[in-house]
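Given below, in the form of structure tokens, are the structures.
Each of the next two complexes has subunit A plus one more chain, namely subunit B in the first and subunit C in the second.
== the complex of A and B ==
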């Protein structure tokens, strides 16, 4: 296709490059400004908002590290995202394995059950969920969030993993069965290693929204010590509302880890996050 | 049957029965955890929401059965339904604006990127970068940029001689919603772009090349070949945008607050639901009954329209034979 487009001198091609370039600037410039402003003092932000910071001082970051709860929020978000994705991948892959590799009565019924879970917006059931978690003692508790995230991400995970598992040939499985390997060993030692790339995609697909979510913690977490990063930022914004350098530093710090992973692993990230929308 | 169970089984039959038993146990072991978690934390609360909506509530305590009383209160009580109507039309505006601005731009970007210009990988990463960030970060970041006095947007306008255009974007009812929609478009445009791009890449290249050799213009290729063949991706994006627009909560909550400031110009169904369910200045005390009724109504609306939209949009999809 590109060989046909080699007449790069024409006006259309130039317009295309300008359009894409301008867009890239619009997308990246705000993020760069956010990062640069985090090194500035309040005074610098007012007097010279667009210039580079006079010195790359880490004072704002030091304030965040020593005087705010942001490090704690980081740990909480890591725990919640890590455990949710772990449980989700184990439980989701198990279910997908049963649905894709075995013929049994009720297979279609159970597949439809998971599929219908895809269409239920759990946010609208927040009231019963609140009462239910309260009864279980899971309000203001990270375990409560882990339960919610695991449950609401399971249908999509089962859906994605079933698709991948179905595409595996059955020869390996059959010959292992002939050799007398147990079903458990066939799954863990033969099939699962073959679908690790799919598990990475399903993991990213779920981890990013869980890490970024702010709605469920807003309702279920009250104590500062259990707040997640996205939610904790709102508290932090109230506290430091006039120290703009610190605010920018907080945002930069919150954005940094996921951005670094994305830049290194962009292909997997894009494949993962669009996994639900591309057939 | 009775005869058969009475007869003594051969060792082979015994082994077979045991194997079958074992296989059943194995399948239960594989499926049970996922089904149990989904039932407990998704299906049970969804079903309860419907049940709760027909009861009176006093805080966390369920009161009497009142039939459709809560629905009546949401839809017909003028104190409530003026908020409902206002919020609903704001959601409609958001949907239309996002379809035009966000998805329209995404389509153009995808058509350009499909020609794999120089910097193709870089553009993909640049357009997708905001998508991975939390709405909280995006919302606060743009709130700082849109600050009327020292925010970058107004400073930039003043520095290029457009000082008259500098205004408190989030403080005026005329501009607040538009500003938030643009922030949302900035945040998400990379997503439809890459979904569209993947769909275009799946169109056989020789089809496009043949058209080009026949002298078709780029515009004709886009309109007559690419557009009809990328219909499935369009269906998905339209439905996702619809669901997202009517569940819109984070950006207006962070940038305009729970009451949809200024003057309810950025109020949304999601905010109204939150206020009704958990209480606020305008909605009064927390009311789980009317809150649940509102949730059920929103769900029915989203479900009905996305089903109809999917049906309609799928019917215009064409298959390559």
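== the complex of A and C ==
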């Protein structure tokens, strides 16, 4: 029956495809507009906002590269996002591993503690956080941002990873134990390779908001040399004039890495999203 | 090449005792099968032996040396799991060599051992494949290969064939028996399938709810089950039981009456039974004959008949036993719904007293 319903000529299927197609257009349109506008001059954007650019000139990008601080911001964002996600995955996986694979007193308490982090937005605690970071000498410092992002994203990471780790059969662990592997070795060589899809999910899920974050850099970073991309791009909103062409070029550059990561990892991402459900 | 000795091995999980003081000795080079219904503690006993679970009390010796405090890898055992537990991200070669790699053996030694094991199990062609590209039987062989390369003194198998289809299971059963001959090592095998137990074992350990009920050679268990449980568990189809009562007891000569009125006399140890003791008479399906030819007779209505040509199984319903099975070697022309008479001879029967323990006939 179900195969009959899913015949390609079926009305339901058509409606579904139309719906998905419209949805895709709505999602992609602003991104395409942004990318196209980055090739236009300011005048062109206002005279013919919806048309294709007259020529694909890289002038705006050249301006970004040579006359602005964007390359520097780009590097800062890369460092902050990269290190945050790295620390996050290492620490988060280890925490999730302990919580999901071992029985010990306080296991549930610690799990709930992590879960509570999902419910409390860190922004609520911005003042104490500022005082604390100041005391630690981490204000106006990329390390401070990395600490905040790691802590902020840990609950979700532990949550995602615990679910995946729980689904792995314990016989694998037993088998490795019989083979003489130490607990650490079992984790690193046997279990973690099996949850790389989960790590990709956790990585992307956390990298996107960290990369795009505007709030924490705004509060904690003052010096121009430590600004991140999202924060740095506001410099293009001048008091009297805005060069939209250059702004769009900057935004395009800012969106590019995450899009690339997503495209490259999307197969694993989807595999990971469904793996938990089937196995 | 190892003897194993279990002394008063006890295990409880959170206050619930699952193994109640198991005592067992296993000879060198023996093929021992732990068998019992699910939840009887046979797998737990195996895990205690392997070191994956810790003992609550008791001692385990291998070759006279106490090993129950050692971690799994240092007990000289290898285990094959029910789900094979192959590492999915490693090739067959890496799977088989993992234990040796952990033990820091030289590359050359690893290579030699893996090749040798692959040869024995006909896996040489498959060494570069990942487990997901293998069939069930091949995965099973890899799991065994992984055990072999470690050159263990004892092999532990935890229901290794239960994930295979029936045909493959028979084939692997034979392969495992041959492997045992070839490797000359002690093997312990857990299964709930009594056919596997009967065909493979040198010695069967029958377990029920954490107790070892009987230990012995397969045919000893079949011919002389020590209690009603073992009698009902070993043998396929299962033994038929008829309830009855002792109606007279005199110096070792007893007379009993089954619930359908059939009476019979027998001799047994004097004083073992008294009048009004309830008894169970066990008769194997193949010992029930159609027609009135034996000492005791029963009437039953056939509820189902399976005529296989060379043999016939008839399922009978009678007031004394609603699911009675008879096995007739040959073709028996009866129809379902037919009322038939079956009979048995006392020499081929098993008698169990009110405590469900075996009562030995005398004379």
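What we mean here is this: the second predicted complex is superposed on the first by the 226 of 279 C-alpha atoms of A that agree within 3 Å, B and C clash if a C-alpha of one lies under 4 Å from a C-alpha of the other, contacts with A are read in each partner's own complex, and residues count from 1 in each chain.
The criterion applied here is as follows: a residue touches a chain if its C-beta (ideal position, glycine included) is under 8 Å from a C-beta of that chain, and two chains touch if they have at least 3 such contacts.
Treat the numbers as computed from the prediction; the structure is a model and nothing was measured.
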item: Touched partner set for A:75, first subunit B, second subunit C, both or neither; value: neither
item: Subunit B or subunit C, by number of subunit A residues touched; value: B
item: Contacts of A:121 with subunit B and subunit C, given as first, second, both or neither; value: first
item: First, second, both or neither for A:181, with subunit B first and subunit C second; value: second
item: Partner chain in contact with A:131 - subunit B first, subunit C second, else both or neither; value: first
item: First, second, both or neither for A:256, with subunit B first and subunit C second; value: neither
item: Contacts of A:97 with subunit B and subunit C, given as first, second, both or neither; value: first
item: Touching partner for A:18 - first (subunit B), second (subunit C), both, neither; value: neither
item: Which superposed partner A:169 touches (first subunit B, second subunit C, both, neither); value: second
item: Subunit C-contacting residues of subunit A that also contact subunit B; value: none
item: Of all residues in subunit A, those that touch subunit C in their complex; value: 169, 171-172, 174-181, 185, 190, 193-194
item: Of all residues in subunit C, those that touch subunit A in their complex; value: 47, 50-52, 71-74, 77-79, 81-83, 85, 87-89, 98-99, 102-103, 146, 150
item: Residue numbers on subunit B that touch subunit A, as the complex places them; value: 23, 26-27, 29-31, 33-35, 37-38, 40-46, 48-49, 52, 60, 105, 108-109, 112-113, 115-119, 121-137, 140-142, 144-145, 150, 152, 155-156, 159, 186, 189-191, 194-195, 198-199, 205, 208-209, 212, 218, 232-233, 236-237, 240, 243, 247, 249-250, 254, 270, 273, 277-278, 288, 291-292, 295-296, 298-299, 302-303
item: Residue numbers on subunit A that touch subunit B, as the complex places them; value: 1-2, 4-5, 12-13, 16-17, 19-20, 23-24, 26-28, 30-31, 33-34, 45-46, 49-50, 91-92, 94-95, 97-99, 102, 104, 110, 113-114, 117, 119-129, 131-132, 134, 147-148, 150-152, 154-155, 158, 183-184, 208, 211-215, 219, 229-231, 233-234, 237, 244, 247-248, 251, 254-255, 258-259, 262-263, 266, 269-270, 273-274, 277-279
